[in-house]
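In the two complexes that follow, chain A is the common piece, with chain B as its partner first and chain C second.
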Partner chain A sequence: MAGVNIRSVAKTFGETQVLKRVDLDIRDGEFISLVGPSGCGKSTLLRIVAGLEQQTEGHILLDGKTVDRLRPRDRDLAMVFQSYALYPHLTVAENIAVPLTMRRLSTLDRSLMGGLLPAARAKRKDIAAEVDKVCEALSISMLKDRKPAALSGGQRQRVALARAMVRKPSAFLMDEPLSNLDAKMRVQARGEIAALHRQLGSTFIYVTHDQAEAMTMSDRIAVMMGGEILQLDTPDHVYQMPQDLRVAEFIGSPKINVVKAMHTKDGVLAVARGETPGQSIHAAFRPEAARLAGEAEAPLAGIIHHVENLGADLFVQIRLDGGDDLVIVRCDPAGVRPVIGDRTGVAIDHARLHAFGPDNRRIDGSFRLEAAQ
Partner chain B sequence: MTTGSFVTSTLRHFALLLISAFSLLPFAVMVSTSIKPADEIFSDSVRWWPEKLALVENYSEAFSAAPLMLYLMNGIIVTVAIFFLQVLVALPAAYALAKLRFVGRRVAFGFVLFCLLIPYHAIAVPLFILLYFVGLLDSYSALVLPFTISVFGIFLMRQFFMGVPDDLVDAARMDGMSELSIVWRVMLPAAIPALTAFGVFSVVAHWNDYFWPLVAVSSDSYFTPPLGVMAFRNAEAGNNFGPLMAAATIIVAPLLALFLLAQRRFIEGIAFTGIK
Partner chain C sequence: MSLSASQNRAGLALIAPAAVLGLLFLIAPLASIFVLAFTDYQLGDRALNFIGLENFHALGDDPVFWRSLSNTLIYSAVVVPGSVLLGLISALLIDAGTSLRSFYRTAFFLPVMASLLAMAVVWEFMLHPSFGIVNAAMKALGLPPHNWLKDGSIALYVLAVIGIWQSFGFNMVLFMAGLSAIPRDLYDAAEMDGTPNAWDRFKLITWPLLAPVTVFVAITSVIRSFQVFDTVHALTQGGPNKATEVLLYTIYAEGFEFFRSGHAAAITVVFIMLVVGVSMLRFLSLKKNGASA
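So, the complex of A and B:
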């Protein structure tokens, strides 16, 4: 068990700066997700924590101790890779045993002679027992004698998890472990990994580009973009109180609606059309914070462009007047069905309206959005 | 099958048959001569199967006229030692060139490519002088040492290792393997097809090598098979073709057996499809 502290870690590859002085304190036993689009530096940060990559600046602390100079094997971490990275020539049981044999058996024990040494035999027996236990926990006991090539994606992923768990490391690092699974398996595996975390109580650092994975499993989410952490918060806060326009746009599906607006007077935003003189503000609201309404009472109006029926939800795309901007509004399928091509207004729940300044940062306070003047 | 494709396929197979017949013909002559008595070899009519079979005579002569078993043993010792040492050097070198990041990696790989261009005959004289000064001429070392570093092997294995996923190497590091353990425990098992291909190249080249053994050794206790065969040519009784061809057949046989055994892996290794 250990907390992980990342202290102003920076990384440059040649000319490009991949990480810009990232700070992150992960508590012992916490499930934290690093989420962001590809190329945002999340995997690099994870690899630096693992010791597979050396940071250009800054420090990594495990359990309060600096580990910058330690090799990966000495950091007491386990990692699950996107490709699972199982050894193709070893059986499942042998794969899972590798972290234990490499650490507990000496070179002599591992050699062909090892079978003759009673001490080595006893150690091998212990290792086999521990492998059995882990296989049982992940219900892969029946696969133990197979080679990875004979396993399905979901089974390989479990074997990779088992190989990480068997050593009881102080923290787990996961680099997009679910992205090679099909959509159905992914939802199931999401639940299993979350359950595993509750059961083991270890620190989990989970890298993903899928905001749904981050939202559903994490205690806290770190949203990364362009080599920095834009926001570190609980899933609820990240969703409901995004501190940066880019965070708001990244988290949530369908995407948050953004309209350009002008700050007219205190707490009132007017929808801006075309080129805006001076500083513009972005007003943002989620599809569920809006509803279709009469044009007279709504700040936004346009033509219904498309209706997506997902069964439980109806997402209505509206092309706003005076431009090509689309906004999406969630409707209840039980109500009146909107007709494509009709004109409609969009009313907004102002308690859930966010405003972001020209620097993309959140502007605190409560706002109203009004129609263009 | 349409008529057109049947015709082209027939033509293609005919051409292939012609080419293979052309390359197999010397072998056929060799085997045929090895079972003929001397007077039939020099008769002016061509005959594939002799009137009087001299199989036992020729082959027993081959084994008794020269210490053929010793030469075969020498051949095995030398080729196995060369291949073993080549792998010992090439795998770590190829791993470093393919998977490690260090200053000068590209330059090092450039040198490997450059060395591929040098025929070893060009450096035979300096090698000979070098071995003379360290006093290793006329020994197994003289036959083995010059070939322990195979740039071709390094190049072939490096190309193969480029296709091994980086994640696998990183996983091994997380699991506690040292870099050398990774080479022998992860990369080697993954590279069996490529190693087989390289093994066939290496063993064939050094089993058949005539030039270097001729330069490096003089006492016939170190003779490799091709040198041994020449003993029949230089025999005092003139050219003794029957036993000579019998000896040649015996020498080629292990190579053929090896290639047939390794054939599938050899083709896999050349096609670089060993990795999923």
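So, the complex of A and C:
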């Protein structure tokens, strides 16, 4: 059990700066997701915590102690890789046993001579028992004698989890462990990993580019972009109170709607038409914070471009007047079905309207969006 | 699945070129060797007589043949482990290094591509008893000089060292290809799993995953070492006193210097049996690997 502290960690590869002085304090037992588009530095940060990569600057603390100079072996962490990284020539049971045999058995114990040493035999027996227990817990006991090549993607993923769990590490590091699974398996595995976290109570650091994985499993999400953490918050806050336009755009599906606007007077944003003089503001609202309305009472209007019917929701794409901008509005399929090609207005729930400045940062305060003048 | 007559004809037409060439250049010469081995044919004769196993009986009583066979096996026993091990070590070192990788790769591969006959001249100079660099180095180190190629007790081993020098680069390239096929993630996983040192990671990952490549490399090395000829021909001509007489050189001498074609054919048959035997090992190992994967 350990908290993880990342203290102004920077990493450069040659000329490129991959991480720019990242600070992150992860509490003991917390499930934290590092989420961001590929190339944002999230995997590099995880590898630095693991010790597989050395930071250029800054410190990593595990359980309050600096581990910068410790090898991965001595950091008491376990990692699940995107490719699972199972040893292809070993059986499932042997794969899971590796972290234990490598740590508990001496070189002599592991040599051919080891079979003759009673102490080594006793240790091997203990290891086998622990492997059995982990297999039991993840219900992969029937796979113990198979080679990884004979397993399905979901089974491999469980074996990789089992190999990480068997040593009872103080924290788990997961590098996109679900991205090689098909969509259905992924949803199931999400639930399983979250359940595992509740049951083990260990610290989980989970790297993903899939915002849905981050939203559904984490206690807190760190949204990373361009080598920095843009926002660190609970899933609810990240979704409802994004501190940066890029966070707002990255989290949520379908994407948040963004409309350029001018700050006319206190708390009022006017929709901007075409090129705007001076500094414009981004007004953003999620599809569920808007509804189709009469043109007269709505700040935005346009032509219905497409209707996506997902069964439970209708997502209506509207091409706004005076530009190519699309906004998406969620509708109830039980209501009146919008017709493609019709004109409509878009009304916005102003309590859920966000404003972001030209620097992409959130502007606090409550705003109304009004039609262009 | 049954094929229509026209499909059958098309199939036959498509294999025909390969079949004809194979028959002409592989099967026919092999068959004539096997026939010649049972005759008393000498190059230039107008007629030949079948003499049954006489040639093979003669081989059994021929000390030169036995010397030649045992020399070939000794040569192989030195060159195969030497070139496989050196190939593996150099591949691992180059793979682990970060700079000059392609330079080392090219440098070590050069002897494979260079004509061994031309290289043999260089070796002859280097090994020359009075002005060779090797003896000069031995002297500088306070060691007794040797007449490397004329001393019957060491000449074969000197040729074996040249053989290793010549062939390990080829093995190295094969090992490097094998190494590049091992996913890097596995080494990261091994690091997380607590392997204490590089040797343990080698034992856990590299060696087992390289096993199919190693079998392939070992078997091709055996076959290539059986085929040693050019260094022997250029440097020692089988001497001194048959100390470096190897199978291929004996075949050459019997067939093209003494014109005893039947005799040479009999040795060739023995040689082919050896190579086929080793190739069978490779086939079996491939089958075993295929079944377990």
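Note that the second predicted complex is superposed on the first by the 373 of 373 C-alpha atoms of A that agree within 3 Å, B and C clash if a C-alpha of one lies under 4 Å from a C-alpha of the other, contacts with A are read in each partner's own complex, and residues count from 1 in each chain.
Throughout what follows, a residue touches a chain if its C-beta (ideal position, glycine included) is under 8 Å from a C-beta of that chain, and two chains touch if they have at least 3 such contacts.
For clarity, every value in this text was computed on a predicted model and none was experimentally measured.
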Fit or clash - chain C, chain B, common chain A: clash
First (chain B), second (chain C), both or neither touched by A:Arg291: neither
Touching partner for A:Pro88 - first (chain B), second (chain C), both, neither: both
Which of chain B and chain C A:Val98 touches, first, second, both or neither: both
Which superposed partner A:Lys42 touches (first chain B, second chain C, both, neither): neither
Which of chain B and chain C A:Arg73 touches, first, second, both or neither: both
Which of chain B and chain C A:Arg158 touches, first, second, both or neither: neither
Residues of chain A that lie at the interface with chain B and also at the interface with chain C: 47, 50-52, 71-73, 77-79, 81-83, 85-89, 98-99, 102-103, 149, 163
List of chain A residues in touch with chain C within their complex: 47, 50-52, 71-73, 77-79, 81-83, 85-89, 98-99, 102-103, 107, 110, 147, 149, 163, 167
Complex contacts: residues of chain B adjacent to chain A: 165, 167-168, 170-177, 181, 186, 189-190, 276
Touching residues on chain C, where the partner in the complex is chain A: 183, 185-186, 188-196, 200, 204-205, 208-209, 211, 292-293
Residue ranges of chain A in contact with chain B within the complex: 47, 50-52, 71-73, 77-79, 81-89, 98-99, 102-103, 149, 163
